[in-house]
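Input: one structure, supplied below.
Chain nomenclature is as follows: A, B and C, assigned in order of appearance, with residue numbering initiated at 1 for each chain independently.
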């Protein structure tokens, strides 16, 4: 056998069992069409939903009444009122959540990355994974059993914030962790070589370098929790008036406002439901887009 | 300023693995000592024990002693953080802090050690940048990001940052290996000037650089793969490169291995 | 006299700042662990008395009555509904998600890949309550034709027996598929993007078409990742509350065990949400918390398995 004649090579199964050249080409084309179709099918609901909320809710949003008034005294029959009470309620609850979840999340991420050799770090990492899969209703039930039943506090906006903390922490931890890992080790070494202790290195060199990524994580976490409804159903009652007290009384929030009137058939109520939905979608999308935009301008790239 | 280093019977371990074995040497103040040797022979590892940076890696420890004038760097009362303020380090790849301006980079060491006075900082930054031969190039853009400079300029920035905290000793771990020849020459000239104020130890892969820049040269080698690195010979640079006492040194210098 | 001192003249005390800060990080970690442990513990504490007082078998009964003093509740029906909706969602979302992930990593030109991925991620950002609203009011009416067809043609089969409700398990499954799609896509995308170029080029160099290259190099490499992604999606599907609550019609109590996908029902999550008003006494609350505990265990197991699958693969990477 001449040295130039190579023996027949074993083709991988995917190539060997295709039925001739024509068939292979056809199947490749079909596959391409299927993949593109998959993408189109995925985009359709997004566009459809956005179109629906905008079409049905936009008319109320252009009026300043919507942004400055509550629903006090408004019944499903009456046109008017606004979403101020719900927007303020949503924002306040989110703020209270962030105040607890952000430091907790960042310090946990620091534990995982800067002190990662410790045994506790591995357990925490597993736990964060579990938390990120925790259903919002289970988080709400836990806070109910703990805060309301056992500790005896009443349902309140603050109880809602507590359950939202459980949902926001994993988002903050994972994105902070990713960012901290991207900070090159050489920077830490440069700082140690200047005689800077570890904690100062973390606080003054590592965290500022990772800052924009951490901010992205916070914004995305906020977007997620502002859209949650289950904790609101379990842990607070809906109020049509403005209530800024997180610790007592019924409070409003955008998802509750939507939920309250969603089964109404009267036109004014229906319109308000969609307008509230649009308001919520706008806030959440703005946070999302801002978060991703900040990530693009970070000094650290993957 | 500028202290003398006395190393006696130093062994370096990572966990139970012995990386460097039985090093003893003296480094005179205000001199430049070069460490040469093939890859993996322990010269960088040993260098890092002189400012206790090896401890940053889990399991890093030493047996033996390192004295800086009369201070035992490894005494139980000695804080590694203080050691690193006194013994500064410049790394192989320039690593300016990306979120800081040129001014802030040079001032970083001082600020993080509690110096707040604006006037003191400004004077020290200028002095350090002059000392690193970078002042004229950056004096008009001190507020621009440190990462925007060329490679050679970034390395000189890192040198300025290191000398701003006024260390007694400056350790340099292959400072020119990531730079182009022109920048390399600039840094070598700089080392010649810095030695009047600091004790300098430089690890280099480039024998010609060692010959150009140093007063004394130390040759490190491995007995065999898997064995710890050792100091084979240390002597005046001129002697090492013309008339070394050990055969291994002569083989390495003439390029027969490494 | 040593001159190696700190700024205030300190000489080598174990740094207070490091101890405090490291302790703080450790404390944060402990808190996170405590949260998960306490969740299980508190749910169990509240649930167990009610389960013990349950007059019917908790796991096999289809009744649900949470009157204090006469507790008769079992999870079989809600388990069926929950699993049904999740299965429908997975059947649709997994192939779609993998297809999308392949599109984004292997087919889309570079200028399209990132914006396209962002679009899918935006789908994840839409709040579930909006999905619920849209699902029942806008989307469901479009499905009546299909559902009637299924009912007429396959009505003899228990899954499609009639009569068709307004808000069905079927519709909820489809909407849930859309909600879960971004998670599956994102994770699969990550895994497919990590396929070593050497493997892909090797297949192409043998004369493989793009699809054949995907089948030989990308899919086998990404298998563990796709499984993990599917399980994470499943976990999400199991726990979805408000969208299901809004879409699926409630069923009259005492209706017996029903299996049709063309009818209403309640999942673990929606049953709890629908009855939040009954939380005024420990016995009733305990019954619902028991359902929540089962949901917690289900999602815990699914999530843990998903992570184990992906970590085992990493060990061989």
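The criterion applied here is as follows: contacts are C-beta pairs under 8 Å (C-beta built on N, C-alpha and C of every residue); 3 or more make two chains touch, one makes a residue touch a chain.
Keep in mind that what you see is a predicted model, and the values were worked out from it rather than measured.
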item: Chain whose average C-alpha position is farthest from chain A's own; value: B
item: Of A-B and A-C, pair with higher C-beta contact tally; value: A-C
item: Length of the line joining the C-alpha centres of chain B and chain C, rounded to whole Å; value: 54
item: Chain A and chain C, separation of their C-alpha mean positions in angstrom; value: 14
item: Whole-Å gap between the CA centroids of chain A and chain B; value: 47
item: Sequence positions of chain C contacting 2 or more other chains; value: 15
item: Chain A: positions in contact with at least two other chains; value: 197, 200
item: Residues within chain B bordering two or more other chains; value: 81-83, 85-86, 113
item: Residues of chain A that touch chain B when the two form their complex; value: 117, 184, 186-197, 200, 204-205, 208-209, 211, 299-300
item: Interface residues, chain A side, partner chain C - complex; value: 11-15, 18, 24-25, 27-28, 31-32, 34-39, 41-43, 45-46, 48-49, 52-53, 103-104, 107-108, 110-112, 114-115, 118, 120-121, 123-124, 126-139, 141-142, 144-146, 149-150, 166, 169, 173, 197-200, 202-203, 223, 226-230, 233-234, 255, 258-259, 262, 273-274, 277, 280-281, 284-285, 288, 292
item: Chain A-facing residues of chain C, complex; value: 15, 17-18, 20-22, 24-33, 35-36, 38-39, 42-43, 45-46, 95-96, 99-100, 102-104, 106-108, 116, 118-123, 125-131, 133-134, 138-139, 178, 181, 185, 203, 206-212, 214-216, 232, 235-236, 238-242, 246, 268-269, 272-273, 276, 279, 282, 285, 288-289, 292, 295-296, 299-300, 302-304, 306-307
item: Partner chain A, residues of chain B touching it in the complex; value: 51, 53, 56, 58, 81-86, 88-89, 91, 93, 95, 97-99, 108-109, 112-113, 147, 158, 161-162, 165
